[in-house]
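The letters A, B, C and D name the chains in turn, as written, and every chain counts its residues from 1.
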Amino acid sequence: MKRIAVVGGRGFVGGELLRLLVHHPGVEVVAVTSDTHAGRAVETAHPPLRGSGLRYRRRADLEPVDLVFLAGVHGSTSEILDEVSAFAPKIVDLTADFRIEDAALMRRYYGWDREGGPAFVRGLPELHRKQIVDADRVAVPGCMATCAILSLAPLAQRGLLETAQIDARTGSSGSGASADTSNSHALRSGVLRVFAPFGHRHEAEVTEALGVESSMTVTATPQVRGVQTLARVAVELSERELIRLYQEDYGSEPFVRLLTSPRGAFRYPDPKVLLGSNYCDIAVAVDNRGSALVMASLDNLVKGAAGGAVQCMNLLLGLPETSGLAFPGLHPV
Amino acid sequence: MKRIAVVGGRGFVGGELLRLLVHHPGVEVVAVTSDTHAGRAVETAHPPLRGSGLRYRRRADLEPVDLVFLAGVHGSTSEILDEVSAFAPKIVDLTADFRIEDAALMRRYYGWDREGGPAFVRGLPELHRKQIVDADRVAVPGCMATCAILSLAPLAQRGLLETAQIDARTGSSGSGASADTSNSHALRSGVLRVFAPFGHRHEAEVTEALGVESSMTVTATPQVRGVQTLARVAVELSERELIRLYQEDYGSEPFVRLLTSPRGAFRYPDPKVLLGSNYCDIAVAVDNRGSALVMASLDNLVKGAAGGAVQCMNLLLGLPETSGLAFPGLHPV
Amino acid sequence: MKRIAVVGGRGFVGGELLRLLVHHPGVEVVAVTSDTHAGRAVETAHPPLRGSGLRYRRRADLEPVDLVFLAGVHGSTSEILDEVSAFAPKIVDLTADFRIEDAALMRRYYGWDREGGPAFVRGLPELHRKQIVDADRVAVPGCMATCAILSLAPLAQRGLLETAQIDARTGSSGSGASADTSNSHALRSGVLRVFAPFGHRHEAEVTEALGVESSMTVTATPQVRGVQTLARVAVELSERELIRLYQEDYGSEPFVRLLTSPRGAFRYPDPKVLLGSNYCDIAVAVDNRGSALVMASLDNLVKGAAGGAVQCMNLLLGLPETSGLAFPGLHPV
Amino acid sequence: MKRIAVVGGRGFVGGELLRLLVHHPGVEVVAVTSDTHAGRAVETAHPPLRGSGLRYRRRADLEPVDLVFLAGVHGSTSEILDEVSAFAPKIVDLTADFRIEDAALMRRYYGWDREGGPAFVRGLPELHRKQIVDADRVAVPGCMATCAILSLAPLAQRGLLETAQIDARTGSSGSGASADTSNSHALRSGVLRVFAPFGHRHEAEVTEALGVESSMTVTATPQVRGVQTLARVAVELSERELIRLYQEDYGSEPFVRLLTSPRGAFRYPDPKVLLGSNYCDIAVAVDNRGSALVMASLDNLVKGAAGGAVQCMNLLLGLPETSGLAFPGLHPV
């Protein structure tokens, strides 16, 4: 059993990580930290942990582990990286701190310079599996970035994508456990809130990962969980050709599913049927005017965060890649 | 045109009041105060006020009006009552400060003593119309209390009610605009959260108004707006007899409707069909074992707060009681 | 008082029409028809009509009126137009039957030929006010078409729009009162269901109204009411220039609002704050790369159907255009 | 590996069963029947089955299995019991057909007589574990009945319960996959719909199981999944005494959890944190007036149906009782 610690276990991503890890057959959670809540039961914040017996401890009380997840607020990883590295040979970072490699992009979108130090590999096994296996440090991309990148990479890698114009939709859990009052239930219920017409930080990740200028419009939708991205692309391929191309890349991927035989109410990717699962569903539709619509959905807390992170952990620790990630989603929910 | 001021116009109740007052044919809103937001456009907090041109001002900048609504946080009225009385001969209070007359009840449920000073009349026109007409100060009851009191008063007034056991359900807007993180969209969506098994403060109002010991279990349900109360009562009356009794009391009330011919999906009181309206819908059902279920629903921000307050204002100022309160609800919504 | 009839008053649009007409100061509803429900109380289907006393009658029992609304299912108007014309000199049609003038478009999107007979004017007062005033027959556009057309017309009319790629989102009430099981609450809650990647019938209306080839991707979102359209357009104008251009067209329109000073959670058009209102809110945002995002929202049952229809009725009958349409929306809801 | 068939696999309960069985380590699903959908992929109706390769077949094409689940509509089991018994030595019935043993109760609530034939054991392991282990036929109780019975049995079995007055709340999935139009998303969203003031069929199960006259008021609430029951009971015990009593009965139960240290927003049983899990959470609160509130929640499709059925299957087949039922719920969702 590999020994695991979660640093910053109070938020939604931390809770989801713990849910996955506690039921993972190959690892053991030996520590969860929260400096503000040290001593308290983890299950108060995360009801699915009821009966786990886990309690928060201070970060200073960490002991050596095989791998640590960093799930604190954005910006925190830079501050504690050295400290944490002393306890753990391998790190999976869920903050935004080391997602962007290009200094100019980092400055443009985040307004600060990325810290130096050892490189982080982008935590997208579908694109970087070999690098992750050999790496010690992995930075998991943002939820909408993961969805958009996975859905457009087959085009970008073949030079079929000039720019990426992404229409992204996100549920409220993406705003985190300490969201402001505009995320109160009364104000956030039932919205179609365009909170970023342009310039959302996940744009930067997409631009860097796909190698083409991207822009992303983000709308907050009324779900708690779930991300969806749509992208209209100019391609002169038939639907069948497009699907073949995606199957080449993803046909043997355990967590990317192509929805190729449209039928029923859930024929296109819909986060509703993915909650709790580690799948990213993708589909394409082609009009008769040289345009295709690429659709993708995932659960932002699983494939878009904690599940993707566990998938990376499995690779980093030599465990089966799908271990602990079999949950197929609930329906209806 | 009567001149009106709203003190404490940042919250949901304040916004609802303004929505009603701005379209009211007999009054003019001359001031809305918020010390923390003085100078800002009211429409930023309350989108239905777009185009009204209203701006917050400091309470110190009030000028004489015919009537003032106090819609600040609970506890604030006691502090500003003298100050405000200098500007307004008539006051409608929407805080909890003067709802309870009995000192012991006040202490038991609120932990503080009610301030002395001139009495406030309970702002329930259906029970106290004459007193309101003659009053200068009215305290509007809490939303769940209004619903429960209206639904049980016909029994209580006839000595048919021994105790009131009320099952109350409430949407998230009842928690106010500055609710804590347990009211974030992610945590509050989809709940059936029993947040008060016993002892909710509205119990005190019901007990005092009905004159019988009452207890109320409150569950937060997933709506934004809406309150519903159910009460199982022991009565040896038929459904027809019960309905006749309610019709005696409410048959000519403009805002209490008895649903007497159960048919269709909305045959019993459901807040879903009352949003924005000033109605309190009531129905009764009788089993064959000496028990009746009294059901009632209303929109907590309208009949349960701002609408009830405007109804009182109409009486206090000699305007038609239904003025400005004709909106019938939206369906479906 | 003008005499009005509603033919096909069982559906959501019919109910909304009745809600507006019953409170309209200049008209009287003299008949509501439903052949299948003749004799039954209208309020069973439409709770906001409680107390109206209205009952459905057969269409054959119509009597002469000043204006009739046709709110039946799509396809029904063609069949009953002659019959209804005998009773009413003026007709406002809410079905899709006469929305499209171009025969080829009609065939491509609907698969049938538009009936001949007298022309219908497109029921968009903001674009065709003069024609409506002089017309006898008006066809109200589809909800998403209304939203998209209003939001892009200022660009199209100035030749600034080459094509319209519209990302449309719609609540469940748009599927009508007799929607199939994929619209059951269990299956429809929480969806982001792309039900039309391309080729939705409202595309045809947008193409015809704007005079440019349009394409529309439609996603079903979890609201009951509300439509939003986003369109990414290539324009070399600054935000200020764009706003000025929209203000030229809409500055004095009573029901189109430009949101020009982005602030707060509802700074961009969000149907959440428009429910029950006749407003179409529009905003623009410009990136620094030659691209603008045009956003618009409305309530599909009001400005997108019944409210737009009443606005047309007001023009057809010489009543004040805004009569009966003052409701500003509810917040929060 | 035990061989399992599911008869009637089109509905929500059938889908949930399949989700659980496909990931169950000790069984293999060899057949799923649906006469109307024979030949079609199961995943069209149940997206979590994507990739399972399962197809519906006709019931006539069943082959011998170790155990069959009957998940068709209520009333269907009586008709096919003999036919199915020929293929399977053990049967777990999820319809209502054999839940009630008392003929008079059956007639009063269902209007028909229970078929004769071999007895079914009530499928509640917490109350009837030994009988289930020895049985061949088990009838799983209704979702609200399960919740109410588990929450009140410790009192009833000690003679502390005189009557059971249950306030039950249920999500929309309880109405099944082929619910009528009153369950459309537009009409069912946001409701607090009292659809059974008294006399719901689950009352009969509670009455029989607890041995006291029970009555149940059922309100449809806006969730898709989830059931909650509240019962006000007259007991002269302290909270501590009550909890001890419940701990005696449930302390070692794997799927009944007592929430005994109220803290945080989810301190009382809330279905929101149980979705997908097989837990029934129970808590008690005591006022100072001789009254206690017993609260319980579960996922109606899991512990209230398919999960309870799998738990019974495990007992019937000699598998570990918790096998395949470890999912702890999602949060937030």
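Going forward, a residue touches a chain if its C-beta (ideal position, glycine included) is under 8 Å from a C-beta of that chain, and two chains touch if they have at least 3 such contacts.
Being a predicted model, the structure only gives us computed values, none of them experimental.
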Identity of the chain that, by mean CA position, is farthest from chain A: B
Pair joined by the larger number of C-beta contacts - B-C, B-D: B-D
Cα-centroid distance, chain B relative to chain D, in whole angstrom: 39
Centroid spacing, where centroids are CA-atom means, of chain C and chain D in whole angstrom: 45
Intercentroid distance (Cα basis), chain C paired with chain B, Å: 35
Interface hub residues of chain A, defined as touching at least two other chains: 12, 173, 186-187, 189-190, 224, 264, 266, 332-333
Residues of chain B touching chain D in the complex: 165, 167, 169, 182, 186-187, 189-195, 197-199, 213, 215, 217, 219, 221-223, 226, 228, 230, 232, 264-266, 268-272, 285, 287, 289, 291, 293, 295, 297, 332-333
Of all residues in chain B, those that touch chain A in their complex: 12, 171-173, 175, 177-179, 181, 183-190, 224
Contact set on chain C toward chain B in their complex: 12, 15, 19, 22-23, 44-51, 173, 224-225, 257, 263-264, 266, 273, 275-277, 326-333
